[in-house]
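For clarity, chains are labelled A, B and C in written order, and residue numbers in each chain start from 1.
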Amino acid sequence: MAKKSETIIKIENLSKSFGEKVVLDNINLDIKRGEFVTLLGPSGCGKTTLLRMLAGFTQPDAGGVITMEDKDILSMPPHQRPLNTVFQRYALFPHLNVYENIAFGLKLKKVASKEIDKRVRKALKMVSMTDYEDRDVNSLSGGQQQRVAIARAIVNQPQVLLLDEPLAALDLKMRKDMQMELKEMHEALGITFIYVTHDQEEALTLSDTIVVMSEGKIQQIGTPIDIYNEPANSFVADFIGESNILNGTMIKDKEVEFIGHKFECVDSGFGENTAVDVVVRPEDIYIVGNVENADFTGTVKSCTFKGVHYEMFVETDKGFEMMIQDYNAFEEGATVGMFIKPSDIHVMRKERTCNTFQGVMTSPTTVEMLGTEFECKEQGLKEGDNVTVRVAFNRVELHDYKEDGKLIGSVHFILYKGDHYHLTVKTEDGDFIYVDTNDIWDNFDVVGISIDKRDIYVSKRV
Amino acid sequence: MKKFFAQLYLWILLALLYAPIIIIAIFSFTESKVLGNWTGFSTKLYTSLFSGGAHHSLLSAIQNTLSIALIAAVASTILGTIAAIGIYNMRGRKKQVINFLNDIPMLNPDIITGISLFLLFVSLGISQGYTTVVLAHIAFCTPYVVLNVMPRLQQMNPNIYEAALDLGATPFQALRKIIIPEIRPGMVSGFILAFTLSIDDFAVTLFTKGNEGLETLSTYIYADARKGGLTPELRPLSTIIFVVVLLLLIIINVRAKRAAKRKQAM
Amino acid sequence: MNFIAKIFNKRANWAIPYAIFLAMFVALPLVLIVVYAFQDAEGAFSLENFVKFVEQPEAVNTFIYSIGIALITTILCILLGYPAAWILSNRNLNRSEVTVVLFILPMWINILIRTLATVALFDFLKFPLGEGALIFGMVYNFLPFMIYPIYNTLKKMDHSLIEAAEDLGATPMEVFGKVTIPLSMPGVMSGIMMVFMPTISTFAIAELLTMNNVKLFGTTIQENINNGMWNYGAALSLIMLVIIGITSLFSDGEERGDSDSII
């Protein structure tokens, strides 16, 4: 067998902006031959754009490179690219029947009709749709339509199959069945699958490799187990599975303090007394009725049966709320003791410890930043100075009525940190402001944003 | 009880609406020159309508009406379909401008459209006749074709064009094999609408037909009525038109129902 | 050739031929109306056409009279048409699609033939042709254009809104007054557009229905154009366009959704 490189698709420096909005920000990714790769992320993270660039429906900004088998494919129009796509809403041709839909690509390639017949039947068998050749595609159920869409793509024997949230429109039961079938199909065909989904469970079930994306950037690339057990940052931890994400301080190597207690951990190299994020999965907290010798204690606030386990919210002795999953139920109001194994404590570097903006002084007591002018204290700076502005997370005020704020923004991402919420608020101009608050907000809430002048710290930028 | 009065209201209104047409239909089966004067059952008006002879000018007006409508409908269906695909793929300001221009002929009263085109042709020194009437009809019919094709494009799953490209179709193949079959119902109803609008038109034709003696059915009736007496053959003609339109509407409705059923099945 | 192929590769460019056509046969002719309106017979810029209009009491009277007739026709059409549209759209009162088609059908018959038929009917009933016949004839001609858009909006209306209002304690009358009527306003608006516009601009219909006894503004315009008074005719057309522009401001954008597919 001729030696083929292990990498089938190489993506380098891929960026895309629509006007001001950056959809993809310098993506670099190698996809291995025969792999099942999942692009995972919330809607608007750029995963679909990336897939459409592979298929050729969207062009990246200048400078990006996509090669397949070491050949540049960006210059090829979609119909010449050696990969096929399964579309989210199936995109079956409504005026053609099942057979004609599947044979569409082969007919265009002028394949002999006997060969077409053979291959269409094989493809139909592959997706368990034998005997459906003559059916009107509009009369098929969602699951059947999806099977036809898959057959229509694989019948062309592509080296790479792109799947854009193919199961999103199916109900839960059907989705589970199709997941298993897709995995079997991937093994049987031996080709590369690139799969886009926002469903983390689906990604964990199906993939060899998961690429977690957010805000147009790759957050983490790894096997499902890596991503689940060793999330690279608080976004990944929150997005994959359920977790308790807490502010902590790395006291020294292998010792971390959070929720008001010191714990032994396995991480090191963070330095001393460094602020960190700590992630503990709810199933990794051991809960007992006996408070003696416990790492920390608390009171059960709620207990819900979830089928296999119970999900409990416990208020700890220092006033933090934690989610715990256990096979045993503890009654509401019960005093409990808890333990966490050192290896179950995941310590992550904080991406930031306060808001940092670039600004210009418009007078000694006003600074222009985020597209508007803020008052600030006299800090020995003069008009025209370029400055870096720092605002603590908990010093940004949010208002119900957008008129009450200096800026208008919408809640973009919410992280519960045990005793407060850490919000990412996106301003109208697309800037991000990070806010710690005890108030409850929902995603996409429109808020007014203001900052008291005493809380704005400016320093001259050099 | 409530239903009874509601239905009664509808049927009184319908009776009023249809009374004139029914009178005409009834008196198309009698020979009398004056309407309202029953001189016994006869189909003579029908035969004389088609035998030409004395009413040669009426026959040629009908011919003109039909040929102008056919040419205008075909031309505006082609022009309007291509334009709709273009507009559908446009974005932003340009799209707004062209949509605005496309609305004008539909919002403008016929008399304004007619006069404005009349001024165009005289300013450009184009002698008016058959060609100018056809051009004018294309101008006010095409917006309706665009308006009928556009929803089909919007309803279309935008991915099916991409799916065709993905499966190896060139953009032209994708258009011919995928897009056109999808928007065909819109093209058909656009064509029918254009055809009827053209047949119906009176004001625009009047201002763009010139004075070389070109007449369509509408202008013929107008001229005839102005002269005082109405050609009796107009009675059977109106009746026939009424029946044809009735049949057409039934066909269109059946088609629409079938389409709706198909959609439901999806 | 290659150049042309390249242009049409981008599908947004497919609108170019039609854009040129629109510029030529829609935009330019309208510009010409304005140009002619502000010119005297020699082609110099002048306001004399408008001065002439204002100074001729006959023209101004016809103008006001026409607006009056159009208003009366429109109001009568709403009064007669709204109940009909409401009954047609109400599932409890009417389930027959045939009745709906019967109401739409007259829209598809040549307006002159319909007018002619009305004249014939009046003749038959020995009803005198004149102002009364004119208004009756106009209502008869344009009633379907009022019923159809209202029917369409009522039909598309989310029925659960009515149930919600009932659930919140509204009596049938209150439901009708506070939910049904406000929600059907877009339909009424496009109905007004579809009736008011043709009635204010009509000319042939009035001539036939009144034996040329009553003169409407449309007739004035047409006579002037026919008699070679293009500049004056253009000025009168411009005045009519302004009136129509004002009317359409009231129903800004509404008529689009409703008149899009008459079939």
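Throughout what follows, a residue touches a chain if its C-beta (ideal position, glycine included) is under 8 Å from a C-beta of that chain, and two chains touch if they have at least 3 such contacts.
The structure displayed is predicted, hence computed values, not measured ones.
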Distance in touch steps, counted as few as possible, from chain A out to chain C: 2
Chain pair that, of all pairs, has the most C-beta pairs in contact: B-C
Interchain centroid distance [CA atoms averaged], chain A/chain B, Å: 55
Where chain B and chain C are represented by their mean Cα positions, the distance between them in whole Å: 17
Shared-contact residues (touching 2 or more other chains) in chain B: 171
Sites on chain C touched by chain B in the complex: 9-19, 21-23, 25-30, 32-33, 36, 80, 83-84, 87-88, 90, 92-94, 97, 99, 101-106, 108-114, 116-121, 123-124, 140, 143-144, 193, 197-198, 200-204, 207-208, 218, 221-222, 225, 230, 233-234, 237, 240-241, 244, 248, 255-256, 259-263
Complex contact set, residues of chain A against chain B: 55-57, 77-81, 84-85, 87-95, 104-105, 108-109, 136, 138-139, 152-153, 156
Chain A partner contacts - residues on chain B that touch it in the complex: 157, 159-160, 162-171, 173-174, 177-178, 181-182, 262, 265-266
Chain B residues touching chain C - in the complex, by the definition given at the top: 2-3, 6-7, 9-10, 13-14, 16-21, 23-24, 27, 35-36, 79-80, 82-83, 85-91, 94, 98, 101-113, 115-120, 122-123, 135-136, 138-139, 142, 146-148, 151, 171, 189, 192-193, 196, 199-200, 202-203, 206-207, 217-218, 221-222, 225-226, 230, 234, 238, 241-242, 245-246, 248-250, 252-253, 256
